[in-house]
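Chains here go by letter, A, B, C, D and E, matching the order in which they are written, and residues are numbered from 1 within each.
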Amino acid sequence: MNEAMIEARGLSKSFEIGGGFLKAPRHLHAVDAVDLTVARGETFAIVGESGCGKSTLARLLMRLHEPSDGSVRVAGHEIARISGQELRALRRDVQFIFQDPFSSLNPRLTVARLVGEPLEAHRPELDSAARRAEVARLLAQVGLRPEHMDRYPHEFSGGQRQRIGIARALASGPKLLIGDEPVSALDVSVQAQVVNLLADLRDELGLTLVVIAHDLAVIRQMSDRVAVMYLGRIVESGPTDAIFTRPRHPYTRALLAAIPGPEGGGQGASLTGETPSPMDPPSGCHFRTRCPHAAEICAGSRPPTETSDSGTSIACFRWREIAEGGDDMPPPPARSAGAERRFHLYRQALAAKDKTDKNQQEGQQP
Amino acid sequence: MLSYIARRLLVSIPTLILVSIFVFALQQLLPGDPVLALAGEDRDPETLDRLRELYHLNDPIWMQYLRWIGGVLQGDFGQSIRTGLPVADMIASKLPVTIQLAVMSMIFAALIGIPAGIISAVKKGTITDYVANIVALSGLSLPNFWLGIMLILLVSVRWQLLPASGYVPLTEDPLQSIRTMLMPAFVLGTALAASLMRHTRSSMLGVLRQDYIRTARAKGLGERTVVMHHAFRNALTPVVTLAALLFGELIAGAVLTEQIFTIPGFGKMVVDAVFNRDYAVVQGVVLVTAMGFILMNLVADAAYVMLNPRLKAG
Amino acid sequence: AQGQTLRIGLESDPDALDPDRSRTFVGRIVFTALCDKLIDVTPDLELVPQLATEWTVSEDGRSVDMMLREGVVFHDGTPFDAEAVKANIERSQTLDTSVRKSEVSSIEEVEVVDTHHVRLNLSAPDAPLLAQLADRSGMMISPASFDSDVAANPVCSGPFKFVSRVAQDRIELEKFEDYWNADEISLDGVTYLPIPDSTVRLANLQSGDLDLINRLAATDVEAVESSDSLTYERADGLGYQGITFNTSNGAKSDNPFGQDARLRQALSLTIDRNAINQVVFAGLNAPASQFSSAVSPYFDEAYPVPERDVEQARALLAEAGYEDGLSLEMQFPNMPVSQQVVQMIQAMAAEAGIQINLTAKEFATMLSDQAAGDFQASQVGWSGRIDPDGNIYGFVTTGGGFNDGKYANEEVDRILAEARTVSDLEERKELYHQANQILMEDLPLFYLYNDAWLYGVSNDVEGFSPSPDGMIRLEGVTLSE
Amino acid sequence: MHSEPILNWFTRWGRAVTRADELISLTDLTIRVPGYERPLVDGVGLSIRRGETLCVVGESGCGKSLTSLALIGLLPPALQRGVSGQLGFDGDRIALDDQRGLSRLRGRNVGMIFQEPMSSLNPAHRIGEQIAEAWRRHNPGDGQAQAVEMLRRVGIPAPERRMRDYPHQLSGGMRQRVMIAMALVNSPDLLIADEPTTALDVTIQAQILELIGSLQAGGEMGVMLITHDLGVVAEVATNVAVMYAGRVVESGPVEAIFGDPQHPYTIGLMSSVPALRGPRTRLASVPGIVPSIETMPPGCRFATRCPFAQPRCADTPPSAEIAPGHSVACHFAPLDERLAGAA
Amino acid sequence: MTEAATHNATAAAPIRKPRSRVWGKLLAHRSAMFGAALVSVFILLALAAPILPLADPAAADWAAIRQPPSAAHWFGTDELGRDQLSRMIWGARASLMAGVVSVAIAIAIGVPLGVIAGYFGGWTDAIISRCTEALLAMPFLILAIALAAFLGPSLTNAMIAIGIAATPVFIRLTRGQAINVTAEDYVESAHAIGLSTPVILRRYIFPNVLPPVLVQATLTVASAIIAEASLSFLGLGQQPPAPSWGAMLNVAKGFMAQAPWMAVWPGIAIFLVVLGFNLLGDGLRDALDPRED
């Protein structure tokens, strides 16, 4: 069944800033009329610069924020005006992984408590023994040991905490997992651990994943489809491979080009200027002030979203002209033979060590 | 900035109304009949009844409240039942006294507290720090009235250096005025000095941890410049804010200090009035004090904004 | 010595400086310098002329003729005459805020006979009236000032005239050059400074910031005596401190002590009044037995200060059926001296099996609780009046203003009322002794000690002599460098 | 050694400068924390030549920042007391516990940029003043002109007007430019940049890195860039030092590190980075976590996580130079030969 | 599972608990320990008062009033000839109680109100905050005096009065803290997993607002002891014959010249205890502040 897991139409959120007694607040359109469809079982990524509204969008999808406008359907149910029982059901089906594993766990609760809480809330039929067993199962699922249950979050490393957060999110048996930069706070090596874990869980549990990130490499590694946001709007979206090999929107292109290193766009800083304030974004196309291709038409109205032949949707007046002139991204640089050999060796050693470890562990447990 | 102040003033209106209600509730709360309390040694029942009638004490409390607040809005705070003088005049005559005391105490507090705070922050963890801390806290820990009486006995009676009590208006004889106020201001100031010192210290410690201090050092600036120019400037903001708020504490502290040193200020007036059930005076003074407190809050906020370029521009 | 300004430390700030509105004792002290009265009092409590040079009470006691001093002017220059007296007395009777009304209620009419002769026509004989005219009721303020705010700027005819007042700080008076008795006054002025804390008051005297302080604490006398530059003055006072019982004011009167005079007697007997005087007052006060102070001509020799007698107290308790002891709630004003006194009483009574539970009350609360009958026993005091009527009438007669225990005894009511109408000293004495006899039996309140008036005086001050009425008279007082 | 495209890459950025005179050399930097047996930073040695860029990489908490702070004597007081080692600067030798000696370098010889552009500028002072102050400290004159000039060079439009701005009026990228202007106003010999772009967006990061490169290009300034982004390293480094748990585990020219990584940690780090191109494969991460200072193994600090670890790893491995300028601290280096059998 | 997972699990970091770290910092905080020692000594003395070989604090000896310190009476005697040492130690009970109980009252009222205001915001907050502000605007001691006068002079009532007068500070502090905590990620995560408001308030907000409240509490204990002394000084505190330091000072002030020891001992005792609590509070603040190291 390939029905949509999430369907957002014209979703908007504006915050009131600075207002007060006798002073009209200013409006900040954090999310501006976003359309979005996420299919069941796929991994959908949202990428964009800091402050472009990624987190706000994610929060709208599970009603942590009230939308200012637009609608969201999750698994076919409109979530805009639900409350009570229905909201609780939503919270059971949709779960959230937070960016910062350090601040998103209550430091005063044990792991058993933290992971047990969603069980208490959503599966009240479990008695405390059953709940503990369930917590143990969840911890094992994310690669933590049941012995860790009675420890406090601060006794874990960042990667382990992120696992606790994930176990907590899994506890209610969700169908959809939204990760708001679930790996951004982590070190590359730990990041790799968590990226792998999420991929495994998705495959094992058949989850739908929505992942927010600003690291394009991570996005590519994880997702099936990507949406690129700029100042509250989705400027380009489509299958990951299509976007990475043939970006069409000037902003997407600039993003890819700006990635440093041999694999990156290799063009260094192709954009000038700073991101405009979301409080008063430029008229028409928000990107036009930094866009090398900006023309008069861009100032006029919001560009329509159009679909390209590679299945991507682009919100740009001039994408066809630009695409004509532009190339695909350059081919990947090859690794040296020496490096390639070592990486191979390393993988082998890792796999071998993993196996012995596992055997040992199983031997210990009756 | 102006609109900000205007807005803040408007916001403080409900607070003032609440204060006025609380003060009035106080009148309801306090046992003791004002007329009886004031009757002293002339307690003719008829006279008492007549006075109650005269001061509208038999009216329902809300009527008394409305009458009073109506008067206040026209600048009429009513009459002291005890002295028969208009409360507004009494307040006007005490205000300079209390302000002088407050300002002088504040000067004492700042002179002691701020340098001590800076030094102990810079020398954190050393003996200097501990000594500065304990000395500063001593001020806070010694009851005002105790220190006050001890000082009177030593400085005025034993050494005859300063007048034991009383008050000379600044306009009449500035030198003598300052001399009479020296001891009470010191007593009050020492208590505040501790607060100021502690806040200066923690504010300085916070600022000294900031990245821009490391930047300043990385520029090769001398330690003195780093501490005074970069750290203190920024540490000052919360301290100034606090100092303004301390004026509120000052008034409270002044209650006993004024009592001891017989300074005819707000503190003394209000305590006497409470004990004499001279409600018009209590209400007037507390209302004016509350206004002062709110004003000080405003000053504190304004100072915060002024010292904070981030807010000044926005 | 040239005239100078005398600085006097008072124990509290006077209230309204308007004789018709004034209610405080310290207020009377200030008025002594500011406002002359028709009649004055000598240290022997005799009434002597001040603004009135002579007076005669008619046979039936229903009218008083007064001859007025000539050549007297008020501070504003208005001459003092019979019209002024009439205006003043009428003001006392009619002013809205007057607290003098009851004192002059017997005056039906003030008749101006000629410029310096008035006749007071009374509704009934009123013996205490003359004493009242020797106090605030007899104080004359300039009729020209009636329309202004008198309290803010009192215009009288006393030796000093009002200069300024800063509430709670000072009252300044300066010499009135046209005073009729100006020869007696050598000071240029006088300043009264209210300083409630006796330690601080003394400190100010010691540091030379004051020349004279009122209400020197008894325990500080030693310090003053040992000082080279200070002396102290003392006068036996008319005021007393005692313990009053709730005999029939509300539910609280329904307690053994309220109902049984023997228990009150017993309690009184447990108290060693001398010990209290020695411990708390360094022996400077006078133990008291009755409403008249020993300095008063009305003192009843038949009732000397009772000796402590625990045995007898126990016997009385047993007689009343409480041989195993009983307890009593006693309230007292939350002031250190009262606190010491009641703690001593508590300890002494305990020896006889009376357990006293003390409750300190903040003064204003205590007054209203007392009036409302919310007490069993209460430690109270009175500053004293020269006429015995002022010291007893309101306290024990039915409906009396100070009769908080609502003691009611028709006989007492009758005797005291009669005493008000009798002007002959011996006759009055007899009546008061009769009343005293009943009161000593019923003991609705009993007496602990008479306050002595104690003053700390700088050696620079000469000619100051204290009076039993506690007033500070400045005639003849000089101040040297 | 490696394929062409990478070489192209590495030569893009003013790398032609090959002046061999050593600007600074840090030897045997050790930082001890009172109460712990093992040092936090253990025997770190680095050297930078004029015109070169040394990138220091490693996991968070491996001691990169401490190393840079130790270099200019700005460690927190508690750590400053436990510091030892030598700094060679332009021929002079300064002991690292000589605060005075180090402080003389600050601002004049060594400029520093920190990670957080938001908090590294004094919020109470105008930016022009902050730059001018750095000038005044070491030169005569009020530094206003120099400040304007620096702002212009770091690409801030209308510098005369911007001089009077307060930090909060600038965006993150602008502030980082101001930081750079401030660090460079005295034309230091060495610029230390501690993760200067971590807080910024990719597009801004690219601008900043380019700016640093252009300011360095053709000059004699050495740059020490701290980062944990291998992409950045590849883009700007002349030399690389890989740190793990307070030690340098591998160092050498950037070509050698990327083309011929030898230390298992370097390899693990690199294989943890997802690829932007080519087939998507499961990431090979570095398992486990860094031991804490109390549980630090006595020998090779990476042993607890190393898939190749053997008993001999309990000894501290020597830092072997396996190619000119390329040193590795591992018992098995060079890796291929020693482990060929195992594979 | 993944290789990473298993390895990771085996290597849980032996990081010390923050709580034990706080303790460690506190124990290493010299002035805090000095303060704690001061406070403990007085608390112990107060607790041990009944078993110490002391004179009856209420036993008057009228033959020996206001005696200077001597072998019989180490601290001298008071105005009724009672043993000052004994009264000091018994008085410690009242003074310490006054400090602790009034703060307990302030916390019991202030913290829940502050949490509610901070968490719910909006009108609830506006109303609570306005009232708090209005109360704050009224001078603390005046409020306490009025309340004590209203309730009648007694130690209990003084404690209630001081407690109520100190409440606004706690409301304000808790509110600010609750606003901060409410903005924490982990509170949002609690919403995200669908916890109910009471659970969030109880498990998430409340425990996390407590540390600064604790610090404020120690500091307020200090002010409360002074306030009790001040109220006693005005005759509104502990009632005779039971001793409290403030009440002793109240009497002693009348004899500052003749019998200075009467004022010196309670003055010093108040000073030391208040200093102790202040130092302890400051130390706590430092220890709880993760930035301080």
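To be clear about the criterion, a residue touches a chain if its C-beta (ideal position, glycine included) is under 8 Å from a C-beta of that chain, and two chains touch if they have at least 3 such contacts.
If you're wondering where the values come from, they're calculated on a predicted model, not measured in any experiment.
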item: Co-neighbours of chain C and chain B - touch as defined; value: E
item: Leading chain pair when contacts are tallied as C-beta pairs; value: A-D
item: Relative to chain A, chain with the most remote C-alpha centre; value: C
item: Computed distance of Cα centres, chain D from chain B, in Å; value: 54
item: Geometric centre distance via CA averages, chain B-chain A, whole Å; value: 54
item: Centroid distance [mean C-alpha coordinates] between chain E and chain C, Å; value: 46
item: Where chain D touches two or more other chains, by residue; value: 285, 287, 289
item: Sites on chain B at which at least two other chains make contact; value: 30-32, 149, 153, 157, 275
item: Contacts with 2+ other chains: residues of chain E; value: 3-4, 6-8, 10, 13-15, 149, 152, 234, 253, 256-257
item: Residues of chain C defined as touching chain E within the complex; value: 197-199, 202, 217, 219-220, 222-223, 275, 278-280, 334-337, 339-340, 342-344, 346-347, 358-362, 364-365
item: Residue numbers on chain E that touch chain C, as the complex places them; value: 60, 62, 65, 79-81, 148-149, 152-154, 234-236, 239-241, 250-251, 253-258
item: For the chain B and chain D complex, residues of the former touching the latter; value: 210-212, 214-222, 230, 233-234, 307-310, 313
item: Of chain D, residues touching chain B in the complex; value: 72, 74, 103-108, 110-112, 114, 116, 119-126, 133-134, 137-138, 166, 168-169, 179, 182-183
item: In the complex, chain A residues that touch chain E; value: 62, 64, 87-88, 91-92, 95-96, 98-100, 103-109, 117-118, 121-122, 141-145, 148, 151-152, 154-157, 159-160, 163, 165, 168-169, 171-172, 192-193, 196-197, 200, 350-351, 353-354, 357-358, 361
